[in-house]
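In this document, chain identifiers A, B, C, D and E correspond to the written order of the chains, with residue numbering beginning at 1 in each.
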Amino acid sequence: MKKLRDRAAELLSQGVVSLVIGYEEGTKRPRPLFCRNSEGAEKLIFDSHCFHNLAVYITKKELVGKERFAVTAPISTLRSIMQLYVENQLSEEKLLVITVDLSGELREFTTFDEIAAYVAQFELKRGEREQEILSKIEGMTREERWKFWMEEMSHCFKCYACRSACPLCYCSKCVVEVNRPQWINPWPAPLANMEWHINRAMHMVGRCTACGACGDACPVGIPVDLITRKMMEDLAPEFGYVPGQPAKQGNALSSWKLDDREQFIR
Amino acid sequence: MKIGFYPGCSLTGSSREYNESVVALAKALDIELVEIKDWNCCGATAAHVMNEELSLSLPARIMAMAEEQGLTEVVVPCAACYNRLKVTQHELEDENKRTRVIEILKLPYRGDLKIINVLQMLEAYGAENIKTRVTRPFAHKVACYYGCLLVRPHSILKFDRVEDPQSMDTLIKGIGGTTLDWAFKTECCGAGFSVSRTDLVAKLSGNILKDAADRSAEAVIVACPLCQSNLDMRRGAINKTLKNPIDIPVIYITQAIGLALGIGAKELGLKRHFVTVEL
Amino acid sequence: METKYINKSGIEQWFNAIVSSGKRVFAPVNSRGQVDFKPVKKLSEVADEYIQTTQSIKASVYPKAEVLFSYEKVNGKVNLTDFDPESVAETVLWKVHPCDAAGFKPLSAIFNWDTADKLHNAHLVKTSVISFSCAAADESCFCTSVNGSPGNTAGSDIQLTMLPDGGAIAEILTFKGETLVALMPNVFEADKGEKKEKYLVDLPTRFNLEEVNAKLNKAFNSTVWKEQSERCLGCGACAFVCPTCACFDIQEDAHGSKGRRIRCWDACGFAMFTLHTSGHNPREHQSQRWRQRILHKFSYMPERLSVVGCTGCGRCSRACPVDMNILEHITSIAKQ
Amino acid sequence: MSKIGVFICHCGENISATVDVERVAREIGGMEGVAHAIDYKYMCSDPGQTFIKEAVKKYGLDGVVVGACSPRMHEPTFRRACAEAGLNPYLCEMANLREHCSWVHEKSEETTEKAIDLVKMMVEKVKKNKPLDSIKVPVTKRALVIGGGIAGIQASLDIANTGHKVILVERDPSIGGHMSQLSETFPTLDCSQCILTPRMVEVAQHPNIKLYTYAELESLEGFIGNFKAKIRLKAKSVNYSTCTGCGACIQKCPVKKIPSEFNAGLGTRTAIYVPFPQAVPNKPVIDRVNCNYYKRGACKICEKTCQVGSIEWDKEDEIITEEVGAVVLATGFDVKGTDFFPEYGYGQYKDVLTGLQFERLASASGPTFGEIRRPSDGAIPKKIVFIACAGSRDPAKGIPYCSKICCMYTAKHAMLYQHKVHDGESTVFYMDIRAGGKNYEEFVRRAIEEDTVNYVRGRVARVYEKNGKLIVKGVDTLLGGEQVEIEADMVVLATAGVANCGSEQLAQKLHVSYDPYHFFAEAHPKLKPVETNTAGIFLAGACQAPKDIPETVGMASGAAVKVAALFSNDELVREPVVAVVNRLAPPLYSTCVGCFMCETACPYNAIEHEEIKGRDGSLIRTIARVNQGLCQGCGTCVAFCRSKSIDIQGYTNEQVYAEVMSLLND
Amino acid sequence: MSSNTDFEPKIIAFVCNWCTYAGADLTGTSRLKYATNVKIVRFPCTGRIDFLLLLKSFAQGADGVIVSGCHPNDCHYTSGNFHARRRWIAFRSILDLMGVDIRRIQYSWVSAAEGSKWADLVNNTVADIRALGPYAEYQKVADYLEKEGYNEEA
């Protein structure tokens, strides 16, 4: 922690970066922090409770400005950074990525290849909560799944916290805001909510890194992260992609294999 | 090495020498043959032209028994049996046929049994042992005769080159023999017409023997009881169709290898042939 | 205004009487790991042991999307069907927190500030509020700082203060409240003289409203907005759980020759909220939208509608994915 | 409010027999935004089109829907009519009431209701249509011809003679192709090389033809009129600008036993070689696979021999880019080798030859200088058997088609044999004799009657060697299925003509379709035999299917005319069905966020990066832009774009959404 | 579920212009008959077909959807159908997770030469959807605003 604070203060005072995005103590748990000077750096923390995916901020131009900036990133954030990189949203020159490795040492990444190599050591596994809910869903019949999700969807009031928390939802105009035609009804209603979440999952095919930020952000407790997570688990092996290790040429939906599955096609 | 064994009718009747030599050779090569209990006729060359359900059910029962007895791989020395079992296995990949046959048999049938012929068994489990255990190199020039049933239809059996098979030749070369490049490797010997149209068999088998003799073969090597009996037992009728009678013997590959390993002629059933074997 | 006593079994009998009167009864229910107002039939369904429901009673009283009118064109003629106030069902809200009930005033002030809002008022008329005074609070609660209190009766028709014996002090506050009592008057006994204040949570004032108001009057161009809003993600969670947020959007749901016009919830925190067709956005940055949220509640509303736009329920702080703690932010403004 | 005109066609009785067309017109006439709706017997006729034109003017229509046949049939007709009346043609749509309704349903209420729905759908679509302008793209008037056989030579010369530049790319060290390997040609028996070599020389000397031999197409990008071809010039290891072609190096090369490709494996060549004496260009290349120096690092005898120092050991493959407007594919075919035939010995009998090998034996420039001799012992075969349809017309061998040229060349071979070996005996086993063509049947008859070739109708079961003879066992089906056994000295297999190796990969590089046998597919089997499905790419010769020389030459000239026609315009007019990335006023500029996933999805590389810059020149954002020339309008990017920032003209989101909604809203 | 014998399913077909639309034209030219329930919407390529259109179709009352294009390797645009196939694999997987009845979407390859396949496809799909009955489960919620609240008791 001390090392991180010192390094951040150093980077800021030496003018290497103009901003360090990190974590500070919050009301109940750590929250994002934006330090612009070495005093701010004193508040920095970094531990296993720091779960916010700070990658969500690094595509916001008004926030990060034109100068070089740094971001402290746990594994899930690193995976998102890799995905943002292949989607042409980041540049190596502008971004300094800092993490604390398993041995507590500070690591800095200046290239995306370094990040990819580092991330490759970590396996993406289901946590207890994910395992519990997903195995429940996996055991349901089709009708039961529909009922389960409809019940969940009835709670959604379309605050779009899931979208706002997702680092990969960086569109300046989201499809739900497109009104010619109005693809998805803008009001919260069970089906319109369902359409939004199906749409979100489709937009995440080949991209979702299963960081869980969307589910965590949901104020009404819908496990929206599990929709994209299950999608990712089901499709990643088939389409041959690994979250955090994105292919440089095209993602799962913009590429194809001659022998892709087609038993369902008559 | 333990492997399932389906002798079939011929090996217990007209071709006992084939059975004897297979068993003797397997023993010499440390291969334990486990005979399928309560096996039945495979239907041979007759059933499949008469009744499809019967022709599938007979071999299916054999395989179902083998599966039930916990066997995973079965060697079938008779080329006709081998062919019928393999073809049945292929046919029963069709769900409807499989359901029907299971209904007839009242036995479970999975269809994952590995069916191999003697050449495949020797290639897979004997090749190394044969090489080191040859005591009497088989220094003879012979014609390897495969016949029809061992290699056809290729799409189902997927064994060897269809028009110019090589596996028997390789085995013979392995025990010091010389093999002929000849034209009748896979020609028909007349097969089951042996009884009803001996004249036809005499002509067809005669062509085969003549080409082998013309190319100065000392023996014809076979791996099919039907071929062996036509070329051997019908020699009299054959010789009547030829200008010059032919006296070269027709022996099984198992006998040839047995000789090379120093197994006795009697043990290999070599005394049972119509054409005297002096090799 | 009348104060009565009602014992434990009396509460249940009265509750059952309300349910069987045919009115819809909404009460906090614990399900899916969250406590929220839901239709209930039995008292046992009602949640205990919680500080605050995730959503305010706004979610139970006002639909998130509501048809203003519908139309159909037949043979070149348009048939309009207007909103029917009578279509709104009689609703009783059970176990409402005072901070929730207090939200009706600012909401009504907004909806009726120039013309009376037919829909809003129809829902209000059909709704009866049985609030429970608060015996517990957490670090997000600050009603006492915004003219409220754990025993505030504003907006309630009846307020119950639970007593250790399982009974309650019942303050019957309005005619609507009396109507509810009349469903089973015999369970209401004479007031036993217990002081309600004794059973209320002690919640010290966290900031001085006047002071905040004075600071805000000069804070429009302050850098504080940018500093505070940096981590804000721009979602609508705070607005949607708030008992006083009233932003809405008008949408057309057209299918061929028929359709309906729908009013649905919106949030001033959304980037698109103020986006003009031209592409110009008067509140282009999140900091401006954050400023709008705070100024609207703590400056514009007191000034124009004479009511604070915040009841101190603390829901926005709890719902915020990135811990935008309103109390913390207001306090820091007050200290500036 | 829209003013749509709807025109329902009876199509004689084709539509009106099952659809109540009057009711359709009546009901549609009552729809929102429909200003005029009529039905008429033949909308596509002159009076029918006049109705439309007059209505456009009279009612000031801003959209037209014609309910008639398939738009694939008459869309251009009605769009033209609208354009003539001053309405943007892309404001006209067709509802398919014939192929998709009246012809596939019985006369019933439901059929009429479906017809109404189909028209309604198009009315709703047209309401969302926008006027579009055709896209004009410039034409690069330079052609690329791939393959230097007779097809490529002919096409190149024909195009070059119209005054346009041609780039001819040949894989081998010399042009000439299979025709240069032939001895004499049917049905005239004139010498193949005598008629071909002048053409080869003409190619080399033509001022409009740029010839790249020993070169292959690496990639082709772009679209009709604007292709960019990357061509790999394989390292020849010989500097052609200094090499005089003296041939001294070839004589001295110590590696002499390489089977000669030109002689179909019957002769040999050296490692530094010219494929044949009349090669164009007549300069050698070094075959690096077989060269001692490249294999073992030592030798360099050729370098020592070369007077002008032309050997370039370190030369590497070079990739050049040429811009062309059209491509002619003339990559020819190949023949199956004898090893494809297990029944004829898997290629192990030296005296079982392919027809192409026999051509080399019969050719005066061949390994035996035109004498028919057995490759095994050099003896002159006294008995020869020709087997036609070796592989062809044999579904079991995966070649169910007829290779077309074998009947004729087999007759020619037998004839040549009889002419050269007077006491020889030749037998041809055949299935049918296919001799359709000018003087072809007469030629075959001559072989049978004058040259006494023994034609046996039947198949050959086996060929095997015995006592130095090839025993051919066949059947004569004309004589009651009698078995025939011939002790032949030589057997010639008329092996199947198959697609050239690598044709599948080439097709994929060019985005042209190919048939199951990997021959390139023509755009239409009857009406567009030289076009491919990809505009601007044409076919010539046997790369499309096996064919003989006159047919090949005819097709090559056909392709050349297509190219010349294309080059007669300075600009090409294209349908504006292309994708567009939206543009908005600042500060948004576009809803595109520049993730460029569309770029990876686009099959045509049509997505470009556009930098949005502020007034001070600073980069604000990089967003996608569609190159309208490259875009073919598939719309894959549209469905892929998450923010719906790309749309495709003619099938916009609004249009298709309106269509779907109209079908479902009651 | 109500008796399905008089149930006439509403089915929309999303097809590509070059193969299936042309194939359906051939069905017409060959005068092969099929059910009137299916209406065709033409797209340039299956690659163009937006998954949202399928969702909207169900929301607007379709009981079934056909999506059809060129066989693999036959795409006029060389790879549009391959992109579409991937999209469908993903879409099916997500729909299935959410409990949407994926049996109601029939994917197919119908070439320009397969006029009879198109007729069979339509007839079989109509029969399949008829057997499944109206997609009431989905259509019911399509109209819901919050007022009818899914979480409220009926």
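One rule holds in what follows: contacts are C-beta pairs under 8 Å (C-beta built on N, C-alpha and C of every residue); 3 or more make two chains touch, one makes a residue touch a chain.
Please read all numbers here as calculations on a predicted model, not as lab measurements.
S.K.: What chains do chain C and chain E have as common neighbours?
M.R.: Touching chain C and chain E alike, sorted by label: A, D.
S.K.: Farthest from chain D by Cα centre, which chain is it? Let me know.
M.R.: Ranked by distance of C-alpha centres from chain D, the top chain is C.
S.K.: Would you kindly say which chain has the C-alpha centre located farthest from the C-alpha centre of chain E?
M.R.: Computed centres place B farthest from chain E.
S.K.: Need the central chain here, defined by C-alpha centroid distance to the all-chain C-alpha centroid.
M.R.: E
S.K.: Could you state the distance in Å from the CA-based centre of chain A to that of chain D?
M.R.: About 48 Å, centre to centre.
S.K.: Counting only Cα atoms for the centres, state how far chain A is from chain C in Å.
M.R.: Result: the chain centres lie 32 Å from each other.
S.K.: Taking each chain's centre as the mean position of its Cα atoms, how many Å separate chain B from chain E?
M.R.: The separation of the two C-alpha centroids amounts to 56 Å.
S.K.: When the C-alpha atoms of chain B and chain D are each averaged to a single point, how far apart are the two points in Å?
M.R.: Result: the chain centres lie 51 Å from each other.
S.K.: Can you list the residues of chain C that touch 2 or more other chains?
M.R.: Counting only residues that touch two or more other chains, chain C contributes 64-65, 255, 262.
S.K.: Can you list the residues of chain D that touch 2 or more other chains?
M.R.: Residue numbers touching two or more other chains: 588, 601, 640, 653, 657, 661, 665.
S.K.: Considering chain E alone, which of its residues make contact with at least two other chains?
M.R.: Residues 51, 56, 60, 73, 79, 83, 87, 145-146, 151 of chain E each touch two or more of the other chains.
S.K.: Spell out all pairs of chains that touch, sorted by label.
M.R.: All chain pairs meeting the touch criterion are A-C, A-D, A-E, B-D, C-D, C-E, D-E.
S.K.: Show which residues of chain C lie in contact with chain E when the two form their complex.
M.R.: Chain C residues touching chain E: 38-39, 63-67, 255, 262.
S.K.: Going by the contact rule at the top, pick out the chain C residues touching chain A in the complex.
M.R.: Touching chain A from chain C are residues 32-34, 36, 54-55, 59, 64-65, 139-140, 230-231, 233-237, 239-241, 249, 251, 253, 262, 264-265, 267, 270, 272, 285-286, 317, 319-323, 325, 328.
S.K.: Touching residues of chain D toward chain E in the complex: what are they?
M.R.: 70-73, 96, 98-100, 103-106, 108, 110-111, 113-114, 117-118, 121, 508, 511, 513, 533, 577, 601, 603-604, 632-636, 638-640, 648, 650-651, 653, 656-657, 659-661, 663-665
S.K.: Where on chain D does chain C make contact in their complex?
M.R.: Chain D reaches chain C through residues 30, 32, 584-588, 661-662, 665-666.
S.K.: For the complex, which residues does chain C have touching chain D?
M.R.: My answer: residues 73, 75, 255-257, 278-281, 284.
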